[in-house]
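First chain A sits with chain B, and in the next complex the same chain sits with chain C.
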Partner chain A sequence: MSKKIITPVKEFEDLLTPDYKELIADGPYNSGPKTIDDLGSFREIIEPHPHCAGCGVSLGIRLGMASLPSPEDTIIIGTPGCSYFALTQSALNYSCTAFGNQNSVASGLKRMLKIRYPEKHKDVLVMVGDGGVADIGLDYTLHSWFRGENIATVMLDNEVYGNTGGQESGMTVEGAILNMAPTGKKFPKIPVFEIAKTSGCVYTAKVTVASPKKLGEAIRRAILIAREVGPTYVQVYSPCPTNLKFPPSQTLAIAKEGEKSYYKYEEYMTDEAKKYLSRINES
Partner chain B sequence: MNTDTVSKQKTTSISAGEMLLKTARNRAFITGSEAVAEAVRRANVDMAIAYPITPQSESMHLIGDLYAQGHIKDYYRAENEFAVMAAIHGASLGGGRVFTATSGPGTLRAMEMFPVWAGSRQPIVCAFMCRGVALPPSIQPETIEIAFLLDTGMMIFHAENAQDYFDMILAGYAIAEQPEVHIPVGVFADGFFVTHTREVVMLPPDDLRLDAYNCDLAPIPPFDMEHAPIRMVRDPLLNKSNFVSYAASGGWHLEVLAAAERARKHINHYMGGLIEVENPDAKVMIVASGTAVSQSREAIRVMSQQGMTDVGLIKVKSIRPFPEKEIEQATAKASLILVPEFNAGGWLAREVKASIDNNKRVVAGPRVFGGASLPSEVIIGEIKKHQY
Partner chain C sequence: MAQGKYKVVQGPEAYFPPAAAIMGVTLPDAGDAIAEGEIVPESSAVELIARKLKEAKNPVICPGPLIVWQWSDDASPKAAAVKELAEACKAKILPMQDYRAKRINPAAEISPNHPNVTILHNEIDVCVFVGVHSHFENVALRLIRGGTNCYTIALSEYAASDEAMISLRDAGVEKIKEIIKILKET
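What follows is the complex of A and B.
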């Protein structure tokens, strides 16, 4: 996308909000790659949003959005849930329609963009919560991987249905007492990360919001590799203070705890993905 | 007019008006499923997505062949109908022309996506080969699925035969893609009766195809980051409970409904009207859609031979938008209005009753379902019971 498209004609300039003006003057579009190291030095894609204090999901989204290799050619497909609140506040195309349909929508969209722009990389990024991937959308997620769709899928795993009021999800840890799990969850977290590796994903990473650089690098790699090699998956632990009942100031501490135990950093890529990555890094 | 080479065949693209209304046609002896594929061959479709279900499958096999021959740029079999309709939504967001088809239980499986298409103002054309839905289970011809789709915001056209099916799919693109319309259209035909019956269909030459879809004329910019970025979201932007979000959502709803209203003049232009009327001054009027029209026509022919000539026919081609005024006018002189249908619920009779004055004139039947056919004798019997 050319920045020209979002640049208003002179006559309308003064009608726009300061946020919009900053996005044009000092946003990420066509201004060279930005990473999370640049956070605070440019107008981000995300505007203020109504997430709860200490929200891990909103932090995951902010870090992810600062890591897009080419935001001017990125389209995000979401699904209903907490992630929606920040993603609708982004200056990118964003679709969030029926719950769980995200990888199907992304499949159709990516294919059509390949037809219409065969010479360009149009990055289609799925960014959704754990319920959207592991429960209601598992079928569609897996089939997009089986088919080898060129899309990157990011799960913001807060281990709960946050937006609907704190119900158990398939990614909730075993034993946790939540709404709809009044006596504790009866089965372990769904091993989506492991399933991804055997279902066609050529790159997978498991990170937490407590390690911003790793998170940013994982999302950047996932998007780049998805362009030419195949489907990719990043699972981001993004704890929820509101529903898991810990103080908002403790989100990073909880994520760090996770990193030491069941949410250890992991990265996997196929040889082909490795070669591709080193080729584009060299160039 | 552009020329292109598809599958080693030189093709010429022309407007829908030229294709549908001006081009000389040739006779073909084909099934309804083949008529669907012939329409798609000429529709310049960018992408089609399929999932098997009887009786729809054959048409999507043939469209797969069109892809293999190079007439369509992308095609795949998805994992279920909800996935198909979601992917079609995504493909349409990408700014191209798309096609898919389904039947009965597949329609219900995919249900959540149809209002999404309409709400996203997408000119998607989907063919529905109507059949029974569970329970009790039936794969036989039935039109009950139309009832479920009446208030999705989609336009609904109901084909009587393979010729209608061919014409309505192409007209569907022409109408749906009008900038002032730009909502999806479901083109329905009664499964088996239409899809699996071979009949004469008049086709324009197969080297003609519609001009490519131009997403720059769409009221909603495509999702390609070449146009100003927009968001297509389930909830209004501010979400939750406040007046602004209600107003945004409500206003958007009204605009979808208004778009269907604005389609009426285009339906008149490309399809020759929302209804067709035979014997408009008759005392008995049969109002029907789909293959019930053919059965009614046969009943009228038989009755006429028996000296009962005061029976007319209203063929309803557009169910959404519904031709309230046209039906009111065409039934003004009727003292008995019969609505034969292939479903248990009688949705067309309800629509007719809600559209006219003195609706006690309406007999909501005869209705058949579960696999029963609708012989003309049954229609004649119903008329005799009430009138002759």
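What follows is the complex of A and C.
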């Protein structure tokens, strides 16, 4: 995408509504890359979220959107689920796929963009829930990693199918009782993070929404490394108060608790990814 | 599944009327246009558009993303022509800035996801879509004829819109100028 498409024609400039004028003047497109530290000082590309109160997924999306190294050259690929509701409202190129199909669509788009814009990096970021990555789209996701596609995959792990009433997902913790899993889940979380490392991902990180800086840095690194080195994966714990039955005000506390046990911060990258990152950081 | 003789006319027709294409309405070839579901010569459609705009109590032009933003060098001249058209028929301009399913201010903009809100809020009796990508234009126009009595006109860049009550294809600056000319002469 060229910055021309976020530049209004002069004839209609005065007719734009204030939110668009703010996006042009104070958004992240024209004023250089933004980070989590800049939140509150610029017009974000995401609208007020339509999720339940205290939603961890909406926070994950907001933090992720604020960490994009080059939003005007980014396309987000989503799939049905809670994440979809906020992503469709973001002022970014966005494509929603059939459920689980996201990494296949992302692979095709990335290949096409490489051919169409050989001189420029066009970032393809898959941002979907745990159902999209670990259950319904697991085969497509794994195959995109095996093939070494230059795409970044972010799982917003709320450990449940939230918007359909609370069915267990592969990422639900063992024993968890949900609306539609009344006797508790019978097997542990699928180790997608570990699988990613052995399936071709050159960078992986496990973070929670309670550590915004780490989350922002992980997503930024994942996108940058995916440009040239290979597939990357970030797993974000984004607890769901509605289905996991805790007060909305406790989302960050629950995420912090997770950091002490099964959601400890972890980051892995290959030597090639490390070299690439240090090279672009120096430049 | 051609049904034959299906008319694309002012609504409200239904909560969500059938797609005109499914009901047998076809798109015009070059030199033709479409009026209320039938193929007509382009010149008569241009005259009809001018008449509808002239007679309208509250005409509104809705420029879409293709001419609101500088996608190409063609956007600005077309935007200027659309602005001139609005002045010629004393129409208000409410832009469709993009296609996001976000909350809108119906007094100042229109969205393809719930265009009825803007049409009803502003009591628009004739609206003109121009510079809107066809797939969003089709859905929005169908929602409008489903839920309002607004008369819809589409000035399409490429293949015309079968969901509009009148639509021109290949509607560039020249064709917009033709409408302006008729408006000024009558």
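Heads up, the rule we're going with is that the second predicted complex is superposed on the first by the 278 of 283 C-alpha atoms of A that agree within 3 Å, B and C clash if a C-alpha of one lies under 4 Å from a C-alpha of the other, contacts with A are read in each partner's own complex, and residues count from 1 in each chain.
Here is the rule we use: contacts are C-beta pairs under 8 Å (C-beta built on N, C-alpha and C of every residue); 3 or more make two chains touch, one makes a residue touch a chain.
If you're wondering where the values come from, they're calculated on a predicted model, not measured in any experiment.
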Partner chain in contact with A:Val202 - chain B first, chain C second, else both or neither: neither
Which superposed partner A:Asn101 touches (first chain B, second chain C, both, neither): first
Touching partner for A:Thr88 - first (chain B), second (chain C), both, neither: both
Chain B versus chain C as contact partner of A:Ala210, first or second or both or neither: neither
First, second, both or neither for A:Tyr140, with chain B first and chain C second: first
Touching partner for A:Tyr20 - first (chain B), second (chain C), both, neither: second
Residues of chain A touched, compared between chain B and chain C (which is higher): B
Which of chain B and chain C A:Glu11 touches, first, second, both or neither: second
Chain B and chain C contact sites that coincide on chain A, given as residue numbers: 5-6, 88, 90-91
Residues of chain B defined as touching chain A within the complex: 46-47, 49, 73-74, 76, 78-80, 82-84, 86-96, 98, 112-113, 116, 120, 223-235, 237, 239
Partner chain C, residues of chain A touching it in the complex: 4-12, 15-17, 20, 47-48, 88-91
List of chain A residues in touch with chain B within their complex: 1-2, 5-6, 50, 72-75, 77, 80, 84-85, 88, 90-98, 101, 104-117, 122, 139-140, 143, 147
Touch list for chain C against partner chain A, complex: 63, 65, 67-71, 75-76, 79-80, 82-83, 93-95, 97-98, 100-105, 108-109
